[in-house]
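Once you scroll down, you'll see the structures, which are given as structure tokens.
Consider the two complexes below, in which chain A is the common component and chain B and chain C are the respective partners.
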Partner chain A sequence: MSIYYIYQDQKRCIGCYACEVHCKTKNNLPVGPRFCRIIPVGPKPVRGIPTLNFVFMPCFHCEKPWCLSACPTGAMQKRVKDGIVFVDASLCVGCKSCITACPWGVPQWDRATGKVIKCDYCKDRVDRGLKPACVTKCTAHALRWVSPEEASQLKRERFAKDITGN
Partner chain B sequence: MQAAAGMTVLEVARQEGLDIPTLCYLKALGPYGVCRLCIVEAAGPGLIPTILPSCNLTISEGLIIITDSPVIQSMRRTILELLLASTPLTDPLKVMAGNFGIKTSRFTSAKSDPCILCGLCVRVCRYKIGASALSFASAGNGQVIAERIGMDPELCIGCGTCANICPVQAIQLEDLEAERRLILYGTVVRRFDLLKCDGCGAPYTTREFIDSIISRLDHEQKCSLKNLCCECARQYYAEALTGQFPSDG
Partner chain C sequence: MRNGVLKANNYRGIDMIGQTSVFSMCGMCAVRCPIRVEVEDGAVTWIEGNPYVPGIEGALCAKGSAGLAFEYDTERPQHPLIRTGARGAGKWKEATWDEALDYIADKLKDVKNKYGAKAIALADRSGPFTDLTKSFLKALGSPNYFDHDDSCAKNVNMACQSLFGYGRSELVYDFSNTKYIVLFGRNIFESLQVKEVNAVLDGMDKGAKMVYIDIRATVTASKADKYLTIRPGTDYAMLLALVNVVLKERLYDASYVDRYVSGLAELEAFVAAYTPEWAERETGIAAHEIYTIAHEAAAAKPNIIFHGGWMLSRYIDSFYASRMLYILNALLGSVESIGGLIIAKGPKDAGSKGLRSLSADIPGVSDTIVDADMQKKSLGTGHMVNLYKAIRTGEPYPVKAFIAYRFDPVAAFPDPDEQRQVLNNLDLLVAVDVNYSDTAWHADVILPEATYLERSNIISTQKGPKPQFVMRRQAMAPRYNSKPGWEIFTLLAERMGMGRYFPYKSIDEIWNYQLDGTGVTIEDFNAKGLVSLAKEPIMMPRDAIKFTTASGKIELLSSKLEKAGFPSFAPYVTPKKPEKGSFRLTFGRTAVHAHAQSQNNPYLNELVHQNTLWINAEEAEKLGIKNGDDAEVSADGYSGKIRAYVTPYIHPEAVFMLHGFGNEVPLKTRSFKKGLRDTKFQKGLIETVDPVGGGVAYLECMVGVKKASGGGK
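== the complex of A and B ==
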């Protein structure tokens, strides 16, 4: 997988959709396609209390991406230096193989150009030492731009806090 | 100007931000040289000054290229007018005609279909999708795009890439409820049953297309494919990530 990871602390997320809005603005997306999504799950009873979770779903930039294997033109590419998976628009013929192959429904269709577009972790920003738009503008600081190692550490800390009631 | 060996004039021009119009060129498919809109004036060592399509012209030391001149403009206008005589004014021809200030064509055509024989559909189907369901039929003025018949009547997988890249909408894809129709020159040539998403029940793609994608995936990747549309895929995994698997599991 990519050397980066976007960690979401679901306890902090308030479902304001600022990540989606700023992603669309930064990437100049038309009506329809959304690179990252906040998916509300619930409300479902957890220990008797109705609970609503907001799950942040960007592209996971897989180690062995389905989209990349499915792409017949080489338009779907993975950067060697950091593992970011992105589309080279000049090579995309709009066959939608990647859309069909991705188990998470990440690649998006741009009707106007007849090509696929997707989350590239805002690689232009990353290359300038900045964080992706979604992370930068997260109002509740629920999103963190980390390495996968840091993400697992954060998850453990969150779990430890939860079971001790802190 | 310097560029990497083996590049074509068109590629170098695009890299340098010079606009050369094309209809039949797609980077994914490589040069084809039939629309002739990308013509340039070329001269240089061992080359008599001539007019050549830039998509097919490989760069060499000392090559002199003029991408825009009164001669080139005039020839491109004529080519565009000839194309417009036989096809409706749709994008991207509309944009090009606008750039050249062309409103009507001086020519007329006896052709009844809008196809300009750019070959994008045939090439993408054969070399990228790997289905080889489309080919050229007949020759000369009677040449048309046709479904490849004879070998296997089920070559088309209903992906619709041909319809997507056709610049004049000579091929169209139509999804009606549970049926996908491939329309070539106004006639329905293929019908497919659309698979329904296991989540929302909406029709989303063809079995044949999924099979073709599966053939490019490895075992591990194949195992995790589900019959879900994009929306439901995201929902399904969001629920999975919260530890609350969807009820339909």
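== the complex of A and C ==
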């Protein structure tokens, strides 16, 4: 896992899909591939409320990425300094092994170039001290750019608030 | 680059050195959120919410981000177009600006000579820049300025005025400090305003409870603490019962009511019969739920918000429903309370001078607006619906030229075919727009306005607890042969011989004129894109709140209403029940689209490219419709196919579809004829309005629904 994590506050997320468009405009993506997705689940009744959950699915930037192990050309790489997993387009031959390997459907197909493209946490922004586009512009400030340690703390805080009705 | 480009300051410790940054205002919907735009080599590469504005802090919605896709899209007007075929036939000739403006000016002069200047009308989407369009009309000598509000919040606005004197937008919801929020069909998380969304979520994070009442479970319902499904068209019944409980149990804020409210005894007598038990039979909402809401709201008073309504205001009795919502705020003392509805303050309240109006030196217009003396008309004047009536009948006088500026009534109002028939009575129809709107497609001339990234607008005053001046600044050169609105109207005024009232050669000249005497300069907008006139929210003392009604009080018995011949309290009338196999057609929005203007945007189209028909699961079963089947919807000889979304979470009397689909402009290839258009089913509703507020009663529309032939999966 990379040293970064995108924490999604389910209570604030309103499923507005802005993160997907923030990502697409930042990465100049064609119609089709999406580096992150909001997957709505529900509605299911929870305490009398028809509840929708919006699951945010970027790349998780695994510590031991399935995609990287599967890549035969070395195009799929992991940055030593922070663990961000990205594609070196010059080495990608379009074999799609990474698409097969990734359990979460993260690698995307670029029809125009015949290569795989994927979420790299907007590493050019990260290198400038900025946050990924999806986090920076999240409509409801539901996404947060944190360390995995901070993420677990945030999750505990949210849970504590929820069970005490705050 | 042109005006207003600067090196960005650092903010929140983020290094921005080397980037060119412009503070401006989004234009993807009518909310007009503050934005910061990055420009590289003359092209906008990044848009984010203005980081300096509390509640925004970088945030932008999907539509706002898709502004880049809109900017670089080719499927928008690229040069002035003059019609060569029949109206709406889609046959156009490319024109130079001189040709197009001369053509318009010649026609306008003909109309003026034949019928007088008052035969020229203009409508826009109101908002912050109307000083320009109103001044243009005034210079021409016409009183006929209209806006879109009949299709929007007119009933709400009128209801608010009838009680407080203030209009709807002058009472600002203080969601982040409230303790209790009640929303009647105000789908606040999908029909969204970024700042408001964050204020509501912040309030809820701090413990505010939200109650949501609607005919279907939206995203807002999903986020609420309490969601209640209401029978369509019965909001007024539930509100009467809420007021009944508040009065009967003396739950109101007695000192506030004593001081500010007049007509309490009459209200008490009026609502006495409208008990929660009675309302239960009308609304389908259990009486105990109504008692609970009244009790909880009273316990949290005055930090409570009963939202004045938005989509609730689509029925024939919506004016009175909205009025009861505001009455609940008045009884619970929330108006001009922290965590309630705060009266908007202007520059004067902050000790500053206001902007100088562009019309300050233009002589007044002697003619009266065309709906001033119409018979049986609703409150106020400037109703778009009445403009249509005048264009159709020529009464009380003919209106023969109509300029639709960034406004698309054909898509927004009911029954587009009927509207086109009415518009055919005009000698001249001009659309000034960044889109091929449905109105533009039927026009004689389309003038392409520069996009919001390519133009500056006049400076605007934003009233609120903390009033401010805000600016939209050009970030890049127009990509096509388009012009900003200020220049278009300046050039037209010149051609109409009114150039002395529009002597401006640049936006800087206009800005300097507007700012004259305010002590604020153009440069003051550089750092943040706005100039705040107050450090802290300006609040009137609790014992000295001013209302702008005739009596200075909150008028439950309204002098405004009585004067116009309307009762202050109207008895409840139970809504029509749909016949077997038929349903009330309701409509609404998704967070992804802005009305009918964004469906062709490449990225937004990718997210939601057509609409579905929400239908109640039990009703669908009776009709043999399964989730994902094609359904056929019909009304008055018009019918269309649409995929059914079968759900338990919509009232059985209603079906629902997203508004804005089924575009009829072939040049917009991604959205052309995709999905069904709700307004095509609203036959004959163009003049069906709330008789008091004047808002269009879109939801007085019944449609037949059956399984489409061959409509299985």
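To be clear about the criterion, the second predicted complex is superposed on the first by the 164 of 166 C-alpha atoms of A that agree within 3 Å, B and C clash if a C-alpha of one lies under 4 Å from a C-alpha of the other, contacts with A are read in each partner's own complex, and residues count from 1 in each chain.
By definition in this document, contacts are C-beta pairs under 8 Å (C-beta built on N, C-alpha and C of every residue); 3 or more make two chains touch, one makes a residue touch a chain.
No experiment lies behind these values; they were computed from the predicted model shown.
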Clash or fit (per the criteria above) of chain B with chain C on chain A: fit
Contacts of A:130 with chain B and chain C, given as first, second, both or neither: second
Partner chain(s) touched by A:41 [first = chain B, second = chain C, both, neither]: first
Chain B versus chain C as contact partner of A:148, first or second or both or neither: neither
Closest Cα approach, chain C to chain B, once both complexes are overlaid on chain A (Å): 14
Chain B and chain C footprints on chain A, overlapping residues: 42
Residues of chain C defined as touching chain A within the complex: 14-15, 46-49, 57-62, 64-66, 68-69, 189-190, 192, 194, 197-198, 201, 204-205, 207, 217, 219, 221-227, 591-592, 602-607, 647, 649
Touching residues on chain A, where the partner in the complex is chain C: 11-12, 14-18, 20-22, 24-26, 31-32, 42-43, 48-52, 128-130, 136-141, 161, 166
Sites on chain A touched by chain B in the complex: 10, 37, 39, 41-42, 44, 53, 55, 57, 64, 66, 69-70, 72-75, 90-97, 99-106, 108, 114
Chain B residues touching chain A - in the complex, by the definition given at the top: 26-29, 124, 128-130, 159-161, 164-165, 205, 209-210, 212-213, 216-218, 220-221, 224-226, 228-235, 237-239, 241-242, 244
